[in-house]
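Each of the two complexes below includes chain A, the first together with chain B, the second together with chain C.
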Partner chain A sequence: MTTILSAKALTYVSEAPRRFGRRKHEAFKLGPFDLTIEKAETVAIIGGNRSGKSVLARLLCGAMQPTDGEIIFHQDAPHSSTAAKQQWQKQQVRMIFQRSSESLNPALTIGGILHEPLKLNTDLSYAQREEKIAAVLSQVGLLREHYFFYPHMLSDGQQQRVAMARALILNPSVIVADEPFAALDPSVRSQTVNLILQLQRDLGLSFVFISHNLGIVRHIADRMVVMNEGQIIEAGRTDTLFRWPKHEITQRLISAHQSLIPQASDGKRLK
Partner chain B sequence: MALLDIKNLTLEIDTEAGWIKALDKANLMVKENEIQALVGESGSGKSLIVRAISGGLPQQMRITADRLTWRGKNLLAMNGEERREIMRRDIAVVFQDPIGTLDPTVSLGEQLEESVPYEFVGSGWFWQKRAVRRKIAIQLLHKVGIKDHVATMRAYPHQITTDIGQKFMIAMALVSQPALLIADDPTRGMEATTKTQILKLFKRLNQTKGLSILFVGHDLLAISSMADSMTVLYCGQTVESGPIQKLQKRPLHPYTKALMESAPSFRVDLAPKSPLVTLPGTIPTLQHLPIGCRLGPRCERAQKTCVQAPEIRKIHDHQYSCHFPLHSKAK
Partner chain C sequence: MSRFNLYIDEQHPSPWQQTWREFKRSHVAMAGIIMLGFFTVVALFGPLIAPYDPLLQNTDTTLIPPSWDPSGTVRYVLGTDALGRDLFSRLIHASQVTFGTSVMLVMVAMLVGVAIGVMAGMSYGVRASIINHLLDALMVIPTLLLAIIIVAIVGTGLVNSMWAITLALIPHFVHHTRNTVRELMKKEFILATKLDGASKPHIFIYSLLPNMIEMLVVQGTIALSIAILDITALGFLNLGAQGSTIELGAMLAESLNVVYIAPWNIALPGLTIFLMVFSVNVVGDGLRAALNRRLRH
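What follows is the complex of A and B.
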């Protein structure tokens, strides 16, 4: 497997607003830690509230600048200048935000929403963009007609698909998703899971996602990263971590999840 | 005896397209000392049932029911005062979005102390009463697992995290020592450890205090670990209800089966990364409800007769409404 994205000594420090008579102090510190993401693998980030999961996701996709350390993208850019390279790298890592319904602009049609990243990042003509949008809509299982719909006309699952389409439209190699399943209903959730699995199989995408739902993490993730208070406390293959969690916090998370799972009546333990 | 008994609850909303049945003959029964789960997707009318019980529905909705009773007393025939008395002492509701339901201008401690019923405070001078209120509030916070009561009681709703907010709302609901606690999606968006804490708290209250709980939500993993029985709702119709073991082992309605299968943790033999079983399509909007069995268009077992709403059938205490139930050949 080839490494596609790696972070070295990644650090992010946010400072609390200065108050009268007090010195500046750190409000939250992330890292420093190293992290690599391989091609076509799924990495799940789990951890409690305020453990820095969302910050890590935003750092990875370039929505926030790290205080120290660097994020290296291991694929050769088809550009020579540094600025063009950076621009290209940013396109390669795309994000799906936590609540898809709130991250879509209600004043634009789905077509308009999907035009925007193309307008900002590529030199395609209007006709080419239209073609691209039609292709990506069918890729995520929507219809061409949805081009003319406004976000409020779509159901939760369809909005999730639009968010996915917006992430996919620039042909990224890594998709970062912040709790993509949290707000979804069970049946829509399994549809989204299937969609992600299928896209990963077809396009060879790497997928980094944050989730509280350990059942789904176990199902789709290859590797797992457990975070607590801005630090990675444990990382490894999903089945290894589920069976032999080493760190106390991981053990607590896993056992909390396992305690919910019913014991099958025939004595076989569900995993 | 059943604490809460709902039979054929129909709720209609007036829209431009005429009266739409948001709830179509929904049934629900909560017995004493029981944890009953009400399961359904968003838009299936779970919260409408909760609001119908608590009397919080807007005037322009039309409610009709064969039975909507609390300990045998008809809730619909009551006047406002009687109903408020029941809501004040016997039924407690934890609504969705805990932080949104709290008053943003009043500190949490004040809100909790305010909700302590007069009967518990006793008589005395105002400072003595205030001390009793405060003591009750602190005890409650400890009971639901908030350790730092000083900071929490001083905080305003925007300053606390969602899980503290959720626990706080449960504390506020328990203050009147109700007989029934209705919790509307209490574990939404929680991480695993906090979720188990809340579920354990519910279980403990149920066992020690004999509190009945109506647990509304779609987290099947949480529900199956604590609930005694379950009612499944789809688009305002109750599709199946019964003891949770029976529903899990042998679901008769195709929708229940699809719900169960949507949680990967329930399946032992599921290979990692294999596609999950799903129903095609999504839940229909209220304007475009299908006639008859509302699952019809999404159901792979649907046949011509499914355009007529199926009657409720019973196998012991397992009720379902489907023309072509699963396992029907074995019967």
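What follows is the complex of A and C.
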């Protein structure tokens, strides 16, 4: 296994908005902690609300700048200048947002939405871009015809696939997803999960995702990171963590999940 | 072009086609847009339709009533005024001036207002809040009052009153543009575009503008009705169009002294102003409803 993305002493402190000289609420502090992501592995980030999961995801894909520490992308950039390197890293680490309905521009067709990253990041001609878009659409299980659709004409699951196509179109090596399954119903959710697993097999992607659904986490994640109040409290292989959770909060999360599962099938394994 | 469509291609209506489809379902709005189209044709080709020179005075034919009156004549369809000028020709020229200048000044106000509004919306900090709160304070004053103050400073005249109304309308566009841009900038698709490495002009053209057009159309029609009323009001108060420029408000003011003997001289320009404002408002309302309904589907 080779490390593809690593964070060293990653810290992020949000500026608390000041109103009339007094702070409205406390500043949020994330880190400092280290994190590595291996090539072609799936990492799940779990934790309660305001535990810093989304901030971590945004830091990883470059949507927010860390206050301290750095995120290193372990692959040689084809460019030398710092700005070009940063942009290349953003191409290689792509993000899928929580609400796909809001992450797709409602005024552009799916084709227009998919043209955008290619236009900004590659030198492909219009015909080449069209070809690439058709390929990526079929890759995520959509039809060529969806090129002409507007986002609001698609169902939630299809919108999620478009968001995935948008992330995949630049041939990234890491995909960071912020609760990609939250808005989907169970059947579409399992379809999406299978799609991700298949894409990962085909393309050798690393996949970092945030989820509250521990069933999915257990199903697809190789490793798991548990966060609480801006700190990583526990990290390790998924099956290890599920069987022998060490930290109290992890124990609580896991037992809450286990209590939903009929005891006959899973109860024995817990012991 | 072949007459037959051999292959039944699925049609993919653009947002505009969908809006138009929704718009057509409202008959009142359709009536409004037909009226608006009529005024546009008059504004473009008015002088070609007018039967007489609107300034031609004829002392033999003063105050002839409209043709449907027993003492009217068909040569002057809508009658004549106190100086014997054909009212129909005058109305056509007047609506050309009123409607044309209103459309023009709304366009200028929209361009300037959107430019400032986008700058205010996309930037943060002191500069943005200065633009915003300073211009929001101006919105408290009614546009007509503001226009009268500006005309009082720069002097009367049609062009001056146009500038005055343009300046008075700009804060409205700035305000609405800024609010829309602020709201859009929080959306995740803007962040996604930023992560693609988009520059500010790119974000404006591909992400903000297509999502802003609906708001601009609605605000544009509201501003147009305000502009028509203000232009005619300034003309009526003798602050706007002067001398030989025929304008609906000025026509009303001129005919005031013959209102009891020749009421059609007041009624017809008044009716024209009413229809103009009414059609603009009805179209604006229909558009707003159509856009709302389109987003719900």
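Throughout what follows, the second predicted complex is superposed on the first by the 258 of 271 C-alpha atoms of A that agree within 3 Å, B and C clash if a C-alpha of one lies under 4 Å from a C-alpha of the other, contacts with A are read in each partner's own complex, and residues count from 1 in each chain.
Assume a contact is a pair of C-beta atoms (placed from the backbone, for glycine too) under 8 Å apart; a residue touches a chain by one contact, two chains touch by 3 or more.
Since we're looking at a predicted model, the values are computed, not measured.
K.L.:
Putting chain B and chain C on the same copy of chain A, do they fit or clash?
P.N.:
fit
K.L.:
Counting touched residues of chain A, say whether chain B or chain C comes out ahead.
P.N.:
With both complexes superposed on chain A, more residues of chain A are touched by B.
K.L.:
When the two structures are overlaid on chain A, which partner does A:Leu199 contact: first (chain B), second (chain C), both, or neither?
P.N.:
neither
K.L.:
Per the contact definition in the header, classify A:Ser103: touching chain B only (first), chain C only (second), both, or neither.
P.N.:
Once the two structures are laid over each other on A, A:Ser103 reaches chain C alone.
K.L.:
Based on the superposed arrangement, let me know which partner A:Cys61 touches: chain B (first), chain C (second), both, or neither?
P.N.:
In the superposed model, A:Cys61 contacts chain C only, not chain B.
K.L.:
Contacts for A:Ile4 in the overlay, against chain B (first) and chain C (second): which applies, first, second, both or neither?
P.N.:
Neither partner.
K.L.:
Pick one for A:Glu145: touches chain B only (first), chain C only (second), both, or neither.
P.N.:
second
K.L.:
Touching A:Met95 in the superposition: chain B (first), chain C (second), both, neither?
P.N.:
Touch partner of A:Met95: chain C, not chain B.
K.L.:
Quick one: is A:Leu35 in contact with chain B, with chain C, with both, or with neither? Answer first, second, both or neither.
P.N.:
A:Leu35 contacts neither chain B nor chain C.
K.L.:
Is A:Asn121 touching anything from chain B or chain C once the two structures are fitted on A? First, second, both or neither.
P.N.:
A:Asn121 sits against chain C, while chain B stays out of touch.
K.L.:
Between chain B and chain C, what is the shortest CA distance in the superposition, whole Å?
P.N.:
Value for chain B versus chain C, nearest C-alpha atoms: 11 Å.
K.L.:
Spell out the residues on chain C that touch chain A in their complex, using ranges where they run on.
P.N.:
It comes out as residues 10, 12, 15, 187-189, 191-198, 202, 206-207, 210-211, 213, 295, 297.
K.L.:
Using the touch definition from the top, list the residues of chain B that touch chain A in their complex.
P.N.:
Chain B residues touching chain A: 41-42, 161-163, 188-196, 199, 218, 220-222, 224-225, 245, 248-249, 258-259, 261-268, 270, 272-273, 275-279, 282-283, 285.
K.L.:
For a test of understanding, state which residues of chain A touch chain C in their complex under the given definition.
P.N.:
For chain A paired with chain C, touching residues are 61-63, 87, 90, 94-95, 97-99, 102-109, 112, 116-117, 120-121, 145, 148-150, 152, 166.
K.L.:
For the complex, which residues does chain A have touching chain B?
P.N.:
46-50, 155-158, 179, 182-183, 185-191, 193-194, 197-198, 212, 214-216, 218-220, 238-239, 252-253, 256-257, 259-262, 264-265, 268, 270-271
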